[in-house]
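Look at the two complexes coming up: subunit A is in both, with subunit B in one and subunit C in the other.
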Partner chain A sequence: MKLELGNIYIKDIQFTEGEAKIDDHILYVNKEAAAAAALGEEEHLASVSFDIAKPGESVRITPVKDVIEPRVKVEGRGGIFPGVIAKVDTVGSGKTYCLKGMAVVTAGKIVGFQEGVIDMSGEGAKYTPFSQTLNLVMVCTPVEGLKQHEYEAAVRFAGFRLATYIGELARDLTPDDTKVYETYGIMEGKEKFPNLPRVAYVQMLQSQGLLHDTYVYGVDAKKTLSTIMNPTETMDGAIVSGNCVSACDKNPTYVHENNPVIADLFEEHGKTINFVCQILTNENVYLADKMRSSDWTAKLCRLLDLDGIILSQEGFGNPDTDLIMNCKKIEAEGVKTVIITDEYAGRDGKSQSLADADVAADAVVTGGNANQVVILPKLDKVIGTMDYITKIAGASEETLRADGTLEVELQVLTGATNETGFNKLSAR
Partner chain B sequence: MVKEIERAGIPVVHVCTVTPISMTVGANRIVPAIAIPHPLGNPALEPAEEKALRRHIVEKALEALTTEVEDQTIFE
Partner chain C sequence: MAKIKVVHYINQFFAQIGGEEKAEYPAELRVGEVVGPGQALMQTFGDEAEITATIICGDSYFNENLDKAKAEIVAWVKEQKPDVFVAGPAFNAGRYGVACGTICDAVQEELGIPAVTGMYEENPGADMFKDKVYTIATANSAAGMRKAAPLVAKLALKLAKGEKVGASVEEGYMPNGVRVNFFEEERGSKRAVKMLLNKLADKPFVTEYPMPSFDHVAPNPAVKDITKAKIALVTSGGIVPKGNPDHIESSSASHYGEYDIAGVMDLTAETYETAHGGYDPVYANEDPDRVLPVDVLRDMEKEGKIGELHHLFYTTVGNGTAVASSKAFAEEFSKKLLADGVDAVILTST
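What follows is the complex of A and B.
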C-alpha cells in the first residue's frame, strides 16, 4: 500500500468576515461558517466559539479534549476519518494533503479532572508539543442537562467535522513538499528485502471505557480483537481519540495522524529493516480481555514471522499489565521487543515506575516521569476556563498559588510524557 | 498496603482485578475481582444476581483468609 503525503505549511491563522480560505500559507477562518461546519446537525451542543492561540503568546488553553491536524484526501480510496466522518472504505493509499504547523484544539469541561492544559509560552510550553502549533481552538458548550458521555461524543465529532472542513480548504492547493510511504505484501516484502529483519509496530490503544476510548474506522477499540493494519491507514485518520484521561500520556488524534514510531520505522524501511505492518491491540478493564488480547498480538507476531517489534502503551496504571503481558508473550515467541512507556515514579522519582514488571522487558524507552513537578507562570489570557485547574489529574487543592502561578505535575500538560515519543522530554 | 499489613502479622486477602500485578507486588492470598471500574460488583446484572455475586466474592475471600498457603496463591 502506497500513500503520498503532501505538506502545506500554515504560517498564520486569521479570522475573516469574508470567505474561508488558505492563501499564501495563511488560513482565513470565518467563524460563522466554521461553527456551521463543526456543529452540523449536532443537537447536543448549544454553541461553539473560536479563538486562535499562537506559539509564544501568553495564552493558556484548558480544559483541552483533543488536538487534530486537518487533512484532505485528494486521490485514492476513502476520505479522512473513515467510519467516523468519511464513509467506511480502506484508506492509506493515493494522495493526502496535511496542514502542517497548525492544529484544531477542542476544549470544554467534560469530566473536569481528565482534560488537559496547553500553555503557549513559559515553563509549560517547554513540555507540551502543542505549544509549537498555531492552534485554532474551539470551545464547545453543551445543551443543558447533557450527560458526560454524550458531551464527549458531541465534542469529539465536532472536532473531526471542523478539522475535515479546514482540510477541504486545501484540496486545490499545491503542497510545499511531498513524501511517499509504502509497505508491501508478506511475500513481496520478503522478496524485496530478503536480508532485512522483519519489524512491526504494535500499538496499544486506550480502551478502558467510561470516556477512555479509541476508535478504529469508527469501531470502539474495546470491542475489537488485536488486528493488523497498513501503517499508512493511520495517516488518513483511521484511528481517532475519544479519550478523557490523564493529558500527558494519552494520544490525541493528532498523534495518531503523525505517529513518530511509524515515521521513524518508515525512515529505516528498506535500509536497515523491513517495516512489515502495524498491529493494533487494546487495553481493556477485564483480566480475561487483557489475556486474550495479548495472546492475540503474540500469535500475530509469530504468524507474520517477525524478528522484532516496537510496542507502545497509552495511559498508565492497569495498562502497565497489558504492556508487560504483550512484551512477555511476544518475547516468548522469539520476537525481540522494545517497549515505550512513561513513568509514575512519584514527585521525587524514587518510586516504582510501572505497576507491573517482568525480566522480558529488558529494552525500555521512557517518555518521562509524569509526577515531575513544574511551576507554570500566570498567563495573560485563558481560552476555556480555569474553573477546573485544581481538579485536573496531576493538580491539587494547592495548585493555584497566591501569586497566580500553578504548581502541577507534568500529568496536566497535554502530550508531556507521550508514549509514542511525540513529546519534548529527553535525557543525556 | 497488603505487604505492610502482613508485615504487622495480620494475614491479608487481596481482592483485585489484575491478579498479575498482585503477584508482582507480592500478595500471598489473591481473589480475582470483576473489572477495574467495578471490582466487587457488576452493574450489568440484575440487583438480585449482583448481590449473589458480591456475596460470593466476600465468602471466597473469607475462605482464602483461613486457608494455609505455602506460596503466592490465586483463589480462582
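What follows is the complex of A and C.
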C-alpha cells in the first residue's frame, strides 16, 4: 500500500469576516462558518467559540480535550477519519494533504478529571509539543444536564468535523513538499528485501473504558481483537482518540496521525529493516481480556515471521500489565522487542516506575517521570477556563499558589511524557 | 564572592606515601594543602572553589579502626566547615572505595555537608554507597583520572551551590534509584528504532529503564484446619471508619490504619468509607464490605467455617503509594498479627 503525503506549511492563522481560505500559507477562519461546520447537527453542544494561540504567546489553554491535525484526502479510496467522519472505506493509499505547523484544539468545561493544559510559553511550553503549533482552539459549551460520556462524544465529533472542514480548504492547493510511504504484501516484501529483518510496530491503544477510549475506523478498541493494519492507514486518521486519561501520556488524535514510531521505522524501511505492518492491540481492564489480547499479539508476531517489534503503551498503571504481558509473550516467540513507556516514580523519583516488570523487558525507552513537579508561570490569557485547574490529574488543592503560579506534576501537560516517543524528554 | 571551600579525602597511595606496605598510615589532616588528585580537581574548580584541606588515611587503618577513624575525620571536616566534601576517586581499589563511601555518607549524615566520590562500578564500595552518596562512575584504574576528575569536580560545585543535579547520564554518576528527567538529543521513537536495530544485530544497547527486581514471596503452606484458624483482614483498598480519623492520604499514603471491629457484623455506608483516590468510590462507599468483606467472614464465623475473625484490621491506600512504604507498613503490622496469634490473612486490593 502506497500513500503520498503532501505537506502544506501554515505560517499564521487569522480570523476573517469573509470567506474561509488558505492563502499564501495563512489560514483565514470565518468563525460562523467554522461553528456551523463543527456543530453540524450536534444537539449536545449549546455553542462553540474560537480563539487562536501562537507559539511564544503568554497563553494557557485548559482544559484541553483533543488535538487534531487537519488533513484532506485528494486521491485514492476513502476520506479522513474513516468510519467516524468519512464513510467506512480502506484508507492509506493515494494522496493526502496535511496542514503542518497548526492544530485544532478542543477545549472547554471539563469532561472527566483527565483533560490537560497547553502553555504556549514558559516552563510548561518546554514539555508540551503543542506549544510549537499554531492552535485554532474551539471552546465547547455543552447543553445543560448532559451526561459525561455524551458530552465527551459531542466534543470529540465536533473536533473531527472542524478539522475535516479546515482540511478541505487545502484540497486544491499545491503541497510545499511530499513524501511517499509504501509497505508491501507479505510475499512481496520478502522478495523485495530478502535479507532485511522483518519489523512491525505494535501499538497498544487506551481502552480501559469509562472515558478512556480509542476508536479504529469508528470501532471502539475495547471491543476488538488484536489486528493488523498498513501503517499508512493511521496517516489518514484511521485511529482517533476519545480519551480523558491523564493528559501527559494519552495519544491525542494528532499523535495518531503523526505517529513518530511509524515515521522513524519508515526512515529505515528498505535500508536496514523491512517494515512489515502495524499491529493494534488494546488495554482492557479485565484479566481475561489482557490475556487474550496479548496472546493474539504474540500469535500475530509469529504468524508474520517477525524478527523484531517496537511496542508502545498508552496511559499508565493498569496498562503496565498489558505492556509486560505483550513484551513477555512476544519475546517468548523469539521476536526481539523494544518498549516505549513513561514513568510514575513519585515526585521524588524514588519509587518503582511501572506497576509490573519482567526480565524480558530488557530494552526500554522512557518518556520521563510524569510525577515530576513543575512550576508554571501565571500567563496573561486563558483560553477555556481555570475553574478546574486543581482537579485535573496531576494537580491538587495546593496547585494554585498565592502568586498566581501553578505547582503541578508533568501529568497535567498535554503530551508531555508521550509513550510513542513523540518527545525528547527522558529519565534515568 | 568567596570561593567555595572543599575538603578532599584520599588514601596513602594517592598521597604518594606508599602502597600496601603503608596502608596502616593513620588519618592525617593537612590544612591548606592540595595533594595528588586534588590538583586535577583544582583545574576544574578554577576560580570558583578551592581545596582548603586534604585528609589522608591509609586504607587498612581506616577499615581496621573504622569507628575511630570515622570519628576523627568527621571532627576535622566539621572544624574545616567546607561547602562540599570530596573523596577519591578510588577507581578499582576496594578498601579505598569502601572508605570513600563510608566517610562521604558519614559527612552527609552527621554534618549535613554534601559529598561526592568516584569509583569503578565493580568496586565493592559502589554497591554499598551509590544510593546514598553521588558516585561518579570511573575507569578501573588511575589512568581514568583525567576523565573522572572533572566530573567529580563539576558535581561537587553543583552540590556546593545547591544547584539542581541532572540525570545520572548527564552528570556521570551511577544510577542511584532516583529517576531524574532530562531532555535527550533525539526523540523517543528514534531512540527506540536505534535500540531495536542494535538488539536485532546482537550489538550492545543500554536500556533507559532497567527493570527492578521484584520481590517474589513464596506462598506459605495451606492452613491445616481453616475451621480453627484465626483470620485477619488487611486491605490496600482504603476502607476506614467514616471520616477517615487518621487522615490516610487518597494517593501516596504515608501510613496505615489499625481499627477495631470487635462486635461489628457489617460495614455500612453510615459507619465506613474508602479513602482511596484511584478508583470510582461509589460502590465501595455504598457497601464497604465489597472491599473489606467483614459481613461474609462474620457469617462464616457463625457457621463454623472459620475459627474466628481477628478483631483488628489493617488498612492503607495503594494508589500511587511507593513500594518502600508498603513494605515498611507490612513489616510492622505483620509482627502485630503474629503476636496476636493470627493464622491467616485475607489481603484485598482494588
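Note that the second predicted complex is superposed on the first by the 422 of 428 C-alpha atoms of A that agree within 3 Å, B and C clash if a C-alpha of one lies under 4 Å from a C-alpha of the other, contacts with A are read in each partner's own complex, and residues count from 1 in each chain.
Quick note on the criterion: a contact is a pair of C-beta atoms (placed from the backbone, for glycine too) under 8 Å apart; a residue touches a chain by one contact, two chains touch by 3 or more.
Small disclaimer: the values here were computed from a predicted structure and weren't measured.
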For this session: Could you classify subunit B and subunit C on subunit A, in the superposed arrangement, as clash or fit?
Result: clash
Problem set entry | Which superposed partner A:V240 touches (first subunit B, second subunit C, both, neither) | neither
Problem set entry | Which of subunit B and subunit C A:M325 touches, first, second, both or neither | first
Exercise. In the superposed arrangement, does A:A37 touch subunit B (first), subunit C (second), both or neither?
Worked result: neither
For this session: Between subunit B and subunit C, pick out the one touching the greater number of residues of subunit A.
Result: C
For this session: Give one of first, second, both or neither to describe whether A:A427 is in contact with subunit B, with subunit C, with both, or with none.
Result: second
For this session: Please work out whether A:A357 is in contact with subunit B alone, subunit C alone, both, or neither, and reply first, second, both or neither.
Result: both
Exercise. In the superposed arrangement, which partner chain does A:G209 touch: subunit B (first), subunit C (second), both, or neither?
Worked result: first
Exercise. Of the two partner chains, subunit B (first) and subunit C (second), which one does A:L287 touch, if any: first, second, both, or neither?
Worked result: first
For this session: Have a look at 24-32, 258-266 or 330-338 and say which bit of subunit C overlaps subunit B after the superposition.
Result: 330-338
Seminar exercise, completed: Residue overlap on subunit A between the subunit B interface and the subunit C interface 210, 357-358
Exercise. Any idea which subunit B residues touch subunit A in the complex?
Worked result: 17-21, 24, 32, 34-37
Problem set entry | Touching residues (chain side subunit A, partner subunit B) in the complex | 208-210, 285-287, 290, 318, 320-321, 324-325, 355-358
Problem set entry | Residues of subunit A defined as touching subunit C within the complex | 197, 199, 210, 260-261, 263-265, 267-268, 272-273, 307-310, 317, 336, 338, 340-341, 343-346, 348-354, 357-359, 361-369, 372, 410, 418-428
Seminar exercise, completed: The answer for subunit C against subunit A in the complex is residues 167-170, 175, 177-193, 195-197, 199-200, 205, 207-212, 214, 252, 278, 280, 320, 322-324
